[in-house]
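Should a chain be cited, it is by its letter among A, B, C, D, E and F, assigned in written order, with residues numbered from 1 in that chain.
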């Protein structure tokens, strides 16, 4: 979502990513990765008795998937800076498809080589609902880093 | 880390969790889950040429693991509320062991049945370095929810 | 399910765990972990021609899940002792939710510091059927082991 | 599918393997393993708008599964030699069950100890459609390699 | 390990399986599958302070792997019958290689079509130590079940 | 590696991808995915007795990883066409880092909208050895397909 050096970014610029459907496999994998098997996410019978009547997708999974959909070009981005005001606005269910939408909120110069870009990052589903919202900050280069091909073309 | 109803919580109360070692398997699993294969996390040769000389553990993985170490008692916690000021303070390497440390920062009453507890949540490694810091807010019940055994003891 | 030192346990004491739904993902994961791809568990067409008309959940998966639902408090339990009379009483299908139920069967003193507690461990599903039954023995401490916080609170 | 030493193989000999159902879990696992999250395989909403109206199973997954169904007896096969004319003839959908079918196409002597057997390898589904076809070559021993038991029976 | 119909089995017959090395990946996968993250298996720092100075492989993982190494021919075996006297005799560490060794202990006729074969099943490592021992019973057919090829050779 | 419409491709054009280190986790995952646990890939003790003295990475895993490193832009590529002359030239070991290198070999017009591009695809490791070689053919569009944002920017 950062597709240009710091000096070429403009407040208000918006982008939408490709989508990814959250499957039952993803939900089980996230229970497995974290070791957190709250019945809201892992017990169908329990989930029937709750407000939504079905298992919810974990907020943490929504966050890391939306983050990854954002993309991250190492030639432009020096480092991940931080996250603020992360809120889960609506539930995500198994079978929902998530997209990342970004808007450049603030641009702060940080010297000769970098600036901090703060994005409004939203997770949006196929019903056009915003499910997650946060401010996501990245340290962006002022010049694209030329990465030499790791295995030279002619010699390998 | 929330081990009592809202009314019994006190600002300043601190806790430390059990620990979990972050393995190469975890790092590969997180590349797989997110689809983000940045060479900083997945290419040993590339990582040798960077500041730390080795692969870094993904910030997102540190966040979800520290979160999960925090624990989450569904009899006491109604919902996850949000995250603020999430910062990655130091790098985590493969083989590091992470613990979650919490301190109650603020307690905000929200009516008859709930309050919002805001914790300082820190991820700490075996070298006693703080690697991650954020403010983590939870909606906490004023009375423990008595969960009936799902399959009655005598009849099953 | 062992929630007290050996001296406080009583024959006949019963407990029920939280539940976990066995998903298709779990069944595929268990084929993957063991390398055992019997068509009864992994081939939908083959399974249609069998007695139950659908894939069965592996007995080994039922066993390790029910075991894990049992919980295991390292401050109280010194070691896992053994399993006897393990029988699979009824089939488990994809989508079934399993609970562990225990009853203390026998308590055998083993000197100053430990005793062996033998539990009747049953796996029960959402139809209140017992699907698995075994006798599960644990070496239980007579005094709770105080585990010092691994990363001291004040110094870290 | 190579079930005899090289000298006992005959052109035209055919075999069919056991079957394996390709689940949603397998498709997600293959996205994870490869890091390739093309929406054709991973986005249900996108897939609805395509020719088949649903997610397709990845060709690479069909290939490695059909390959593995083929089996590989290390006492008879010295090495994997190569693959030619690999074509994906029909789509595979989540829930399809795949079988490997082989026919010995060519047998080429390679000296005293080995020969190369080239098989027509086809992936077939439960609708009796050929979905994948290739020529698969293996270096086959002229004498079965007697593998001594790794842990001697009497001494262990 | 059951390689013949019931009538051809003989008490005292012994077999050894192929081997499988238990990797750190397997140990993490088993923590993930079960949701049991006891620090003895998942925290390197904690493990240093224990008797063995390193993480232990979970008993449940040893059991299901040794079981799977045993093999299970569906043309000969009708069903899994039960497990008795399961004991974990010695610890397994990451990097150990396990083999299954069986000896036919008892053969009990069960009518016209089946018998129960009880095997002494042992898990053995590369140091020739027995790490696990149990009695494993299977319902074995008196006549091999001829399984018709699922996708007829000539028609597909 | 196809980064332009068919008409702009030129025979002889070469590219190198980013790299990915093949970990023990990847090798175990591929055993798990395929169900193929040949001791050459999964038994450290057995592997010590072979020519290379260590476990080999599976050819199929090398193939699918190199393939995925190739990238696949759905706006330019209509379909995967086929693979020819796939050969495994040198072994890959755990810890090796793989890159994909491509060279356009042939361009065949296929009517108004597409052409078939055949690439020499090579897998190269950090020692600059070619480990895998094949001819990889893709159906490439003559005009880039404009994919409308799935969730309209202004309405969502």
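Everything that follows uses one rule, which is that a contact is a pair of C-beta atoms (placed from the backbone, for glycine too) under 8 Å apart; a residue touches a chain by one contact, two chains touch by 3 or more.
Keep in mind the model is a prediction, meaning the values are calculated, not measured.
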{"item": "Chain A onto chain D, rotation angle from CA fit, given as a multiple of 5 degrees", "value": "120"}
{"item": "Relative to chain E, chain with the most remote C-alpha centre", "value": "A"}
{"item": "Gap in Å, rounded to a whole number, between the CA centres of chain E and chain C", "value": "18"}
{"item": "Intercentroid distance (Cα basis), chain C paired with chain B, Å", "value": "26"}
{"item": "Inter-chain centre distance, chain B versus chain E - centres from mean C-alpha coordinates, in Å", "value": "37"}
{"item": "Overlap residues in chain F, where contacts from two or more other chains coincide", "value": "18-20, 24-26, 29, 33, 35, 37, 39, 45-46, 126, 150"}
{"item": "Chain F to chain E touching residues, read off their complex", "value": "24-25, 28-29, 37, 39, 42-46"}
{"item": "Complex contact set, residues of chain D against chain C", "value": "18-21, 23-26, 29, 95, 97, 126"}
{"item": "Interface residues, chain C side, partner chain F - complex", "value": "31-33, 35, 37"}
{"item": "For the chain E and chain C complex, residues of the former touching the latter", "value": "20, 26, 29-30, 33-36, 38-40, 45-46, 59-60, 63-65, 67-68, 72, 74, 80-88, 134, 150"}
